[in-house]
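These notes open a run of structures that come right after.
Both of the next two complexes hold chain A, though its partner changes from chain B to chain C.
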Partner chain A sequence: MLNRRGFLKIGGATAFAALFGGCERLPKTLVPFVIPPENYALGESLWYASVCRQCPAGCGIVVRNSEGRAKKIEGNPLHPVNRGKLCARGQAGLQALYHPERLGKPLKLDGPRGSGKFREIPWEEALRLLMTGLSSVRAEAPTALLMLTDPMRGHRNLVSARFMKAFGSPHRVAWDPFGQDAHLSANEAVYGVRDLPEHDLAGTRYLLSFSGDFLETGVSPVHFGHAYGRMRAARPTVRGKFVHFGPRLSMTAASADAFLPVAPGTEGYAALGIAHVMVREKLTPAAAAAGRLWNAGLKEFTPEAAGKKTGAPAADIEAVAREFGSNQPGLAMAGDAAASCTNGVFNLSAVGLLNLLAGNVGKPGGISFPDRLAAFASFGAEAKLLLPAAESGYPALRDAVERMGKGAFRMALLSGATNPAFTLPPSLKFEEALLKVPTIVSFASFLDETTSLSDLVLPTPTYLEEWGDDIAPAGHGGEAITLGQPVVAPFRDTRSMPDVLIAAAKELGGPAAAALPWGSFRECLDKAYAGMGIDLEESHKNGGIFSGKADAPRRAPKEGSPALPKAAEAAFAGDPARYPLVLHVYPSSALSDGRGANLPWLQELPDPIATAVWRNWVEVGPKTAAALGLSDGDGVTVSSPFGSLQAFVFLHPAIAEGVAAMPLGQGHSRYGKYAADRGGNPYALLPASVESATKAPARHSTRVSLVKTRMKGALVRTVHPEGQWLYENIL
Partner chain B sequence: MKRRWAMVIDMDLCTGCGACVAACVAENNTPTVGESEAGKGRLMQWIRVVRYFRKEEHDETRAIFVATPCMHCEKAPCEIVCPVYATYHDEDDHVNAMVYNRCIGTRYCGNNCPYSVRVFNWWDYKREKPLDEQLNPDLTVRSRGVMEKCSYCIQRIRRGKETALSEGRPIRDGEVLPACAQTCPPGAIRFGDLDDPESAVSRMMKDPRRFRLMEHLGTEPSTVYLKKMRAPGR
Partner chain C sequence: MTRNAIASILALAALALAVLAPTRSTAAPPEQPIRYTHKVHVTDYKLDCRFCHVYAAKSASAGIPSVAKCMMCHRTIATDRPEIRKLAQYWKDKKPIPWVRVTELQEYTYFPHFRMVTYGKVPCLTCHPGIDKDDIAVQRQEFGMGWCLACHRGRGVSIDCWTCHI
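What follows is the complex of A and B.
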């Protein structure tokens, strides 16, 4: 046995590795001391606070910098959104920074357009090409410039908006496949506020979720993960109860006390069934409103009717309604699967109605609508550019695709992680249309399906190497402005998009130069925040400006007079005889909408439910599988009227029958070697249909068939499907 | 400064998100092995989130997540079978530690571990440049033929001890956190010193929900679990 001294000596060997961390030799060739000299100690590190941009939640991070290299990302404990916590995707940001396939030099097309063949060119030449293009478009037809990005926030967005405005083109499109259009519209209809609310999950006693996979994906998974822990355990005598309705037992649903499977797109009917019982049994403080709702038609939506529609037992709906009505404050939340049906706004409005009936708007443990931009009053109309509505941008994007096809654009500027060539339904023919734009310039760190169509690719720094600011869309009541700073010196020869736009505006002169009057993006940020009377040095140390006091929550104007949402059925494309199953797609908890697929850590992170790695799969329930003659691990061809792909079957014991579910994110064709050959792309199965009220993409709107197919290999899972790991065996 | 480090995992809070796995991989220089090696059961992650499906009342299937790091058993089955004392019990910290350059790769320890938490370097897993720039300088990169496993982030324990020593004070509760506990969004993983009666883990040890994995084997794990709860009614 070793004593403490001996142990420290062995540890000292690792410090030796630390001292020579910058050497070319791999540490494995180093023979560690068993007994190192006394004076070896662990190396000191520096920690820099910044903002995570692996998903749109906007968590605060602190990054460990050791000898000029970023070593580890942690959550920023001061940040109100994530409170020192971080998810797997946030942890994996380091691999994006040090990715072998990161672009380090500008690329110029070196082959046929769309071939993805490039050669490296120096920055001077790249900027000259960009300026030649911009100047000629500017001189001849400024409206022929298109800017297609992912949703940006903070001053990045302000710079882009000002650039396009001064340039003279209105065609600025931000595409987010998981935009919150239906939430915004439903909130406007129910509460009279077109904004994302604050859900006080930590303070609630009863949480009703309708396909809300808020713990794994969605608006702010780490915020909700932390709040969920507090809801369960932070109060000495209350353990908040959690009931989940949804088509499949997702990771979030697995945390619920009760999971009630419902048919896809019927979440709204389940909510109305609950509302019916609450009003019938006088379990609501809003008696007058309840009476009006009852007469407006709520009396038709009995739990029995809801049970028939959804497939959940009427007795359960009734029991849940009684519990929800009598355990207040409660909270009703809905998620992506309820929102992205053709009847998304109905589903979400019906869920919103439950919060109104329970009287939880603007109360602790309920929902509220804070003004998250209160600190930016001096910005005037430009303030909302810092936190634009979290919309999908789908109508504008479809319009842009149509214009591209007609040759209306002469130049396109692309940027962002949402990768439209991968995430749009193939029937839109985005790729074909984009290639009709004569000049395509991308700002990117990686080549993906979209950027590889470009004529010119300008390499950008990752979020760990650039300046920035952010206002999170949820998780704070207006008390948080996050500041980003480079945590390491730029690792490649890159320039950030706002920097390039500012330089381009200067060269264009005239109104563009006047609109972007800074020397660099950093100067833009510094001036903006210095103007607000903030100690920048201190704020960068903290990772942002956290006043600690949230504004008084805005009450909802329509609170007193709720209207009954107009019931609407979800529509599914495809003949039920030919395509017997409804397709449910969900963003992968590791790969998100597909942006994480090039990071080996995320590829090798087992899925929470299927426990599969490196590949996608299709989930069906045991009865459905038996009817189709399928068993676990079989290869199948999944066909919708719009496309088909092959995948392995995962028998999911808790999924609504008649449903086939697939995670999104895999199936890349041009996103580097780690993402290649990982199964088909489920986005390619989807129709171009839209949610009927908002025209946002309706992902849950097609049927599919599964046909057994011989496939090579197998689905790799960490938990054996035969159940060698019995829970009883570990007790 | 003797310590009895212990981990308490509250299964009622664990959502199964896998943040702990990614954090551990980032902290401990764990290689990725690729699909075909993973198919042979050779994933190198030091903590795994095992998902169990269980039929419960109302004939409902529930998924239960059991985050499984090394149990750091007081009576560790892995230690007694190592012919070269590569895995040993650290008396100061009460952790089950490894000396990598003693390991000769018999894999007896992995074979004797009832929790299957030990992983073996079947190959020299290459990190393509510049992914190796991320490697944590506080600990080594293990080479082929060496067994490895969760160390309770021993490098962080050491750093915590050094800091406390240089400031002339005892280690505070919650000051030393393994990567998994630090990142866990719902706070399901707690870590601390059982010899300190005031520490969070000492208090959690009194919870009636407490159990240890395969307690009947008598391995006396330092990693303790709190059972998942389920609210009554619908």
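What follows is the complex of A and C.
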């Protein structure tokens, strides 16, 4: 008889047979294309060059296309900005393309306004609704049309600008939470040029960064990452030194030779302390300017005074100043945290003075102002529309919100990744005001907090499926124009915003049709670049027009006669007794301002410092935490005078004491299943206050309190900091 | 019969089931979405195989023609036949045709068509015998290792393991 053991043996063999015997070989069907893609060859990869739009840096990409599908995105080696490199956000663009929640059909509101409930409608109906709205607004009150976008560049911006002008409405607002208003104003004050500069990181010997997290976020992280590598290792006899001042050890700060924690908003004082030592010890080639500054009051800003303000040891400031002064060319840069305090322009102007004193303006290894307009001389007055716009657009947006609230607009056209309903301080009441506009039309690929408020959503192709052009804001001397092309045939039934605007203008007729005289956006691009006398097909193969020869940079007229910036303290809202910590917020290296939160690859990308994934946290120093009775991994309620949220504590080993830091990007209430409900939104803690000179948003201007709270779950980290970093070894 | 003998027979039967189940019958033609006939195209009208299987000369896979390729001719030819109407319907709906795979390779082998076709100058019918006479295509040649090696040896080409098993 069979015993139990024997039965199991035979049973196992039978199960094996059933399992593998029934397993027929793959695949069972061969499904060819209906119409094969252009240049398609089965089993062969094709690489298409285009432009990345995952952030505003404008890197060149090449995309591997196999069997008509985009399989991999890499950096374009010919592109001067990123030179064949690409960051994680760029790589994750594929997930935007294949995203299960991407909109593939126009959506019409199917519920109360703002509910985010929609039903799909055909394009004919959607365009009819759009045209009915546009025609009636145009006939009755053309200025009642609002266009709210992210900052656009290239011909996409030109088409939008012409459309609004011909329509008769001046209300075109571009919102960028990380606009560079303070940089522009400081550059105007210090150098006499209101523009974005080029920093020659690769050629410098001594780099000072003031809260500039240029390696992970900022204007052009891949460009600066590559340049930083060359500064450190590409010269046979020079290894550039890098010193970072800032409230928190970011990934950039972690790459520095020395990190000096300073209190938030005191970067300007640290810079003036360094300038003081340079002038006092005659470590500057700009002797005339130095004398002028000294007499204008620089002599008051001793390293001791700077140390008192910033919390950094005066001896360290002095040592850094001596090294910086005697290692030329040296370069000083400042970043978002220094710029978005209420005294941002002061901070940046003080940092700018260091470049003047180092005598590096317009020199290799220094700062220069390229003439980016020169490449577009043939475009006349419209050339400016093609170039990167650095402003945040905050004053115009606040004005628009006020008008919306008063019912001044009858129709709003929304587009772009900057998602104002998520990134604006809640006290502005953007959502409430927007819903007072009777008709809201969005151009979007995803339903985020802003587009969910629409009455009509027109699905757009992703950047991998459309034509375009771009001029990067950093990394070239004005000689690079990036061209975008579809790297795959569009997957969904989408139309790009410029295409819809061109079609709408045609139907509106009159001046609108005359202003946008093309059949499609592609025709607009082709005609514009054919007029420049270039081989367009060759340029598309290369990913753009890279002449390799930049025109000479512009002069900095104030270089010889600098003025000492008026010292200003950063203001922080909230009573220090009730809100003991200063809040420092920084864009997440993966999710940026929040736009990457719907891509799982980016959600599961560990933060370079906290190594946490899938939600946010609040960073405090060990001493601050001990004083508050908090330990690593505790749940806390973070409260500011403007809002509160819950987060897990991350004991940061290198952060200025008295500071609580949070990454921006999480905390979505909409934006799909990967983004929604992953912690609180730190933008909701921020006041509506502004940088005093530019009226740009001042994110670093509030205090917070942390109160221990019971929270479900735990912060998921790939490395426990206690294991990796043992605080006692560092502090 | 001992208990062990019963167990062994049952185990052998189970093993035989596992081994034999994946082998294919070469006789029964599969049910295709359209009754496409190689005979009419290749034997009667003398179309070159590579007119439709365009990638055979340059790619690992010979490829199945796109619906657009079929419609190049069948926009005007034999449009009233029921099978061609089915084709036209696919074209009209812009839907691909889910052809059922006929020829299968052994697992863990690599068969680059372009090497055989372009460089080896092996005629298609060597590996796909009789397909030119088929009304509905069937696989008549199993690609056993012995059969492959015989040809490789006869032609004096590589029989290194990783020529085919990569």
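By our rule, the second predicted complex is superposed on the first by the 679 of 731 C-alpha atoms of A that agree within 3 Å, B and C clash if a C-alpha of one lies under 4 Å from a C-alpha of the other, contacts with A are read in each partner's own complex, and residues count from 1 in each chain.
The rule we apply is simple: a residue touches a chain if its C-beta (ideal position, glycine included) is under 8 Å from a C-beta of that chain, and two chains touch if they have at least 3 such contacts.
Just so it is clear, the model here is predicted, and its values are computed rather than measured.
J.: Tell me which partner A:G43 touches in the superposition: chain B (first), chain C (second), both or neither.
T.: A:G43 sits against chain B and chain C alike.
J.: Tell me which partner A:A88 touches in the superposition: chain B (first), chain C (second), both or neither.
T.: The answer is first: A:A88 touches chain B but not chain C.
J.: If you tally the residues of chain A touched by each partner, is the higher count for chain B or for chain C?
T.: B
J.: Based on the superposed arrangement, let me know which partner A:A627 touches: chain B (first), chain C (second), both, or neither?
T.: neither
J.: Do chain B and chain C touch any of the same residues on chain A, and if so, which?
T.: Overlap of chain B and chain C footprints on chain A: residues 1-3, 10, 13-14, 17-18, 21, 27-28, 30-32, 34, 41-43.
J.: Considering only the defined contacts, which chain B positions touch chain A in the complex?
T.: Answer in residue numbers: 1, 10, 12-13, 15-19, 21-23, 25-27, 32-35, 38-39, 43, 45, 48-54, 60-66, 88-93, 97, 99-101, 124, 128-143, 154-155, 158-159, 162, 179, 182-188, 211, 213-215, 229-231, 233-234.
J.: Which part of chain A faces chain C closely enough to touch in the complex?
T.: Touch list, chain A to chain C: 1-3, 6, 9-10, 13-14, 16-18, 20-25, 27-36, 41-44.
J.: Could you pull out which chain C residues touch chain A in their complex?
T.: Residue positions touching the partner: 3, 6-7, 10-11, 14-15, 17-18, 20-22, 55, 58-61, 63-68, 90-91, 94-101, 104, 107.
J.: Considering only the defined contacts, which chain A positions touch chain B in the complex?
T.: 1-4, 7-8, 10-11, 13-15, 17-18, 21, 26-28, 30-32, 34, 41-43, 66-67, 69-75, 82, 84-92, 94-95, 97-100, 215-216, 221-222, 225-226, 228-229, 232-233, 239, 241-243, 249, 251-252, 254-255, 257-259, 316, 319-320, 323, 491, 589-590, 600-606, 608-609, 611, 613-615, 653-654, 713-714, 716, 718-719, 723, 725-727, 729-731
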